[in-house]
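Labels for the chains are A, B, C and D, by order of writing; each one numbers its residues from 1.
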Amino acid sequence: MTRLAQAFRVPMRHPGDVSGIAALIASGELDPRTITAILGKTEGNGCVNDFTRAYAVQSLTQLLGPDSHDRIAMVMSGGTEGGLSPHFLILATAQTDAPSNAAGALAMATAFTRDFAPEEIGRMAQIHATAAAIRAAATQFDTIHFVQIKCPLLTSERIADAQARGHSVATHDTYHSMGLSRGASALGVALALNEIPETALSDTVIGADTTLFSRRASASAGVELMRNEILILGTSTAWAGDLTITHEVMADAIDTPALHRALHAADLIPQDGQLPAHEEARLIAILAKAEPSTHGTIRGARHTMNDDSDINATRHARALVGGVIAATTGRTTLFVSGGAEHQGPDGGGPVAVIARRRG
Amino acid sequence: MTRLAQAFRVPMRHPGDVSGIAALIASGELDPRTITAILGKTEGNGCVNDFTRAYAVQSLTQLLGPDSHDRIAMVMSGGTEGGLSPHFLILATAQTDAPSNAAGALAMATAFTRDFAPEEIGRMAQIHATAAAIRAAATQFDTIHFVQIKCPLLTSERIADAQARGHSVATHDTYHSMGLSRGASALGVALALNEIPETALSDTVIGADTTLFSRRASASAGVELMRNEILILGTSTAWAGDLTITHEVMADAIDTPALHRALHAADLIPQDGQLPAHEEARLIAILAKAEPSTHGTIRGARHTMNDDSDINATRHARALVGGVIAATTGRTTLFVSGGAEHQGPDGGGPVAVIARRRG
Amino acid sequence: MTRLAQAFRVPMRHPGDVSGIAALIASGELDPRTITAILGKTEGNGCVNDFTRAYAVQSLTQLLGPDSHDRIAMVMSGGTEGGLSPHFLILATAQTDAPSNAAGALAMATAFTRDFAPEEIGRMAQIHATAAAIRAAATQFDTIHFVQIKCPLLTSERIADAQARGHSVATHDTYHSMGLSRGASALGVALALNEIPETALSDTVIGADTTLFSRRASASAGVELMRNEILILGTSTAWAGDLTITHEVMADAIDTPALHRALHAADLIPQDGQLPAHEEARLIAILAKAEPSTHGTIRGARHTMNDDSDINATRHARALVGGVIAATTGRTTLFVSGGAEHQGPDGGGPVAVIARRRG
Amino acid sequence: MTRLAQAFRVPMRHPGDVSGIAALIASGELDPRTITAILGKTEGNGCVNDFTRAYAVQSLTQLLGPDSHDRIAMVMSGGTEGGLSPHFLILATAQTDAPSNAAGALAMATAFTRDFAPEEIGRMAQIHATAAAIRAAATQFDTIHFVQIKCPLLTSERIADAQARGHSVATHDTYHSMGLSRGASALGVALALNEIPETALSDTVIGADTTLFSRRASASAGVELMRNEILILGTSTAWAGDLTITHEVMADAIDTPALHRALHAADLIPQDGQLPAHEEARLIAILAKAEPSTHGTIRGARHTMNDDSDINATRHARALVGGVIAATTGRTTLFVSGGAEHQGPDGGGPVAVIARRRG
């Protein structure tokens, strides 16, 4: 028997709507015991008080059983700004008697850190634990293309808890803690994948030195967990199936040529700037990060994301990058996740394409 | 002497910053007496309580003189969501002794209605006055490509005023009044340009029948005026210069192929999905409308713009369409204005490209 | 055996946190089989896309069993603006061998309508079904002091569903539908309690004629249900216990004297404008409605709630009325619910005080 | 001749509406040459991108002349959340041949620091310059009751400017910079008024040590200036007139008894928890600060202000404190300004009452 990566994309009518997954199971298309990971794009604000993520996880757990949360990486990313469409992406590891794919097939693995103490969030402890978990799980891939991480954040309560125990925290600003946690997680990926040497890392560079980044990390923070949940995606000639994955780095938020390169690498060919319907049908998923540049400009023109006190900067960035990718793919069901600290260069971010091979 | 259309694009550091225009005047590039219109993309919310538009107009009036507001169409559109960059677009009508352009050159004219009473906003009176003003000004064009209108809205005070005089208003929801005013203005364009017969129009279709629309209208509403201020853009063989204008209709918010057609019509050729720098340099301006589809979907996938009570739907739509056009042009200094009621089909909208001819 | 009304107030750390109720059950203080109603103040936006209510209900159902939702009125009201504190209020109907209270004790009953079709929401059908349900349940009270209703709203999907079946809906604006649904529910209370004659009611007065209102209705709308769930609170000499309830109507949002009257009626005496700690300890709960006045002023001074496109008007109103009641009671754990259409006069609203009798 | 403090309160229809002040001048009630300070409560978000403050100042400058900004302290505070009503408070220093008031009359003075460099904002340099300016102006008062300061903030541009010159800034978070600037300004007041010894102050305590605070400082930050503009209010037996001022410190956001003490000190007597109309008529102005407690609770109950990523915490706090003061005074035309860092205790803040003496 050979391992076979499967991927299913189903819409969500609201954050508690898991009927699309239930239907896949009921029809026999999806064996729930094979589910490796569920990525969800939920319609919250993607920030501190986004409870749509926890609500979706609770709903998934009701459907899949009380132990499902332990064996399945559930990566909910809040925020469907602009035209982004709420949906689940279910990744499963089935067994097949088909031969493995000599050209390399999509392969996946999950890893989990221990629960972090509040005072560890956004600091070296989070980097080290993340890197260790990835290294332990990385052996089975020929190439790792994307590492998706769900990580915790600080709340007023958690800060108070650390302080009551005599510990400082990385920040007292709960919103800011999301960025530090994402940043530390991404630097953990960079460390594990040898993109950055350990000597370059310290508490002080986290969230500060934008020249340090992973080209394959994507992290999103949520209030509903205290550990890092890690999903590794790559290719392996030991796996079967006609799915593949490619990745690229967008140099800024409007780097359409990078998207075209990632699509072409997956043999998806745009026409008049957009995938025609027959090509779009082979596009399984796009996973991307969005972030406002800290220097306040895009190609020299000022953006207002960082100075807007009505709408959080990550919400603007998701809307923008969602628009850029929708322009290129002709689709709004995209996993665009906000906050790309140390995930790609300042203002840009990694993007992965999961596609079905032609023919 | 022949008329020559000029266009200048300058950044804005904040809504009161007119230093870019002052510099153009100081350098002699721009003669302030020739200014026909100033379009501004200001960083407000683009909704009822967006005072960045009035602040920009007051700043422009301080710079250009107390009578400037009467002779110059000042069309401020609030909202730089996503990556949109605050800027002014100054359109001037200079005189030249160069010959007129036999291939047709960019030409422009302005028109103004009388002040409306609150009870006329969003109703047939606004349609008729708008159409009459356009027809009177339209004679000098070979082809009209775009009609940009700034129109009023209802506030609690204006509603109370109408009621005190015994009149009903089109809506008691001040935010909704912006849409009705834009819609009536756009239907005025459609009537003037013979896109829709007068018999199809009535108070009840305004804001309701999305099958009625203009392919060349763009309206934006602001609290700072009570009349419609109209800017007509087209081509004329009687004008001189190497600027031209094209237009297209985006069928939905992510209609990249329509953008490509409009760019190609202006001889601007994207590569890898985006204008390369040397082509982008010939792109003077893009004027476009953004709107969430009322049916709640984009190509069958649900969007959440209409159900989001934290961020107004027009803000989402501007971010999205701004991202789509930035993806295609490689630029964020775009005049994307929200609320496309009766301006293009439901969820789509007109787009105009002003460009310098090659060579 | 005599019926005994019990009331418990527990904090909520997040919308899915039902640990406070679980602790009451574990300690034996609360028998879950006796629960009549659970009111929750959750930290969402209280508007269309507030999923904290559904998340709380799902969490309560996990705790109390799959059938609990059918026998317990779960009234979640989103929005803890200003200083309001997220909490649950659990109302139970126990049995006691103590004698009934000749002075009248707190008594309660629940009632449920059938599920409404989208086209019935905000129309006479909702009024009639609500009134009928209340009348059937009202017989056991000496005096009815407060009727709390949870009612449905329209979403883009529900509107599309009605239209697909050939029906119009009361409004196409999903946010506006919350007000029409609350208004129809409140008019149902007014009809049942003979505050308004049936002849005064019609589809057209709903949401329009602010002179028609109930002095004892409180309705809040949520996306998570399609029927009206009704909780009736009053006094009865057939019930036992030392709890009582009073009510008053705030004439506007800052009507502190009305609050003082309601507190005094429950023998709760403020000092220096606020309940001192020993009096505040006898205050079990305050239930109140908040609404921006439609005329845009409070005592002649303009408010900006209705013209703010960044924060919904109901959110402003909850923060304001929450502040007024907190000023008077010295407490922020208050059930202030937004949107008081036909619930008290324009800009004001009903308020109920549940208190333990002195001594 | 004796100095006479005058105070006028006029409504604002929008942030550019100075017609109320123009009418006072036209009627002869107000001599524009005597204006010492104008406090404005404008309807922006009170945060980084609140341009209503600059718009109001530009409008005032148009009315009062280009040099007015140099001689008049213009303190615009954005944010009219909840029920707060936009208005101007004009303070003037007239001359009278009436005798001075032996009981003490309202007196006022202004002071201005130099422009700060971005790297000085929120640091000791701002504290020292503020204290020096106050000390120089303080000699003429018997008692200083309130020091109102308008201070600058960091924007992305200003941060980049400091960095280009090789300087670090106190924070890279533009929103956070508002708090540090307010905090440094308040500590400058505390230093000048000998509330805190200089040895207790350093860069690191700013924004961090909430036990250090002034009982009489009120600071608000705005993007439109780079210096501190200071208005000192107190009493003096050398001034004439029947106006007086008192102050108190609210221990938390719902400290109604503190308000009652401040009102009683000014001989304003509430009934049923609120000033009756004839008392409210003698209340000229309330100046207060609002702030969410950093520990996340009010009297032990959790608030959600600090964890809300849709509405900034200062907006919640203004709505709350505005409600508390409106409850007590029966008025919504209140100068409640957000962000009380080092202005009163954590979660509380100073409040001043300007009133006309009885009789």
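In this section, a residue touches a chain if its C-beta (ideal position, glycine included) is under 8 Å from a C-beta of that chain, and two chains touch if they have at least 3 such contacts.
According to UniProt, the chain labels map to these proteins: A, B, C, D = Cyanuric acid amidohydrolase.
All of these numbers come straight from a predicted model, not from anything done at the bench.
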Higher-contact pair (C-beta pairs counted), C-D versus A-D: C-D
Among all other chains, pick the one whose mean CA position is farthest from the mean CA position of chain D (Cyanuric acid amidohydrolase). A
Between chain C (Cyanuric acid amidohydrolase) and chain D (Cyanuric acid amidohydrolase), what is the gap in Å from one C-alpha centre to the other? 37
Per the C-alpha means, the centres of chain A (Cyanuric acid amidohydrolase) and chain D (Cyanuric acid amidohydrolase) lie apart by a whole-Å value of 45
Among all residues of chain B (Cyanuric acid amidohydrolase), which ones touch two or more of the remaining chains? 13, 43, 45, 49, 157, 302, 304, 307-308, 310
Quick check on the complex: what are the chain C (Cyanuric acid amidohydrolase) residues that touch chain A (Cyanuric acid amidohydrolase)? 13-16, 43-44, 49, 51-52, 54-55, 58-59, 62, 157, 223, 310
In the complex, the residues of chain A (Cyanuric acid amidohydrolase) that touch chain B (Cyanuric acid amidohydrolase) are 11, 13, 43, 45, 80-87, 253-254, 256-257, 259-261, 270-274, 298-299, 301-305, 307-308, 310-311, 315-317, 319-328, 330-333
Chain D (Cyanuric acid amidohydrolase)-touching residues of chain A (Cyanuric acid amidohydrolase), taken from the complex the two chains share: 45, 47-50, 155-157, 160, 172-176, 294-296, 302, 304, 306-310, 312
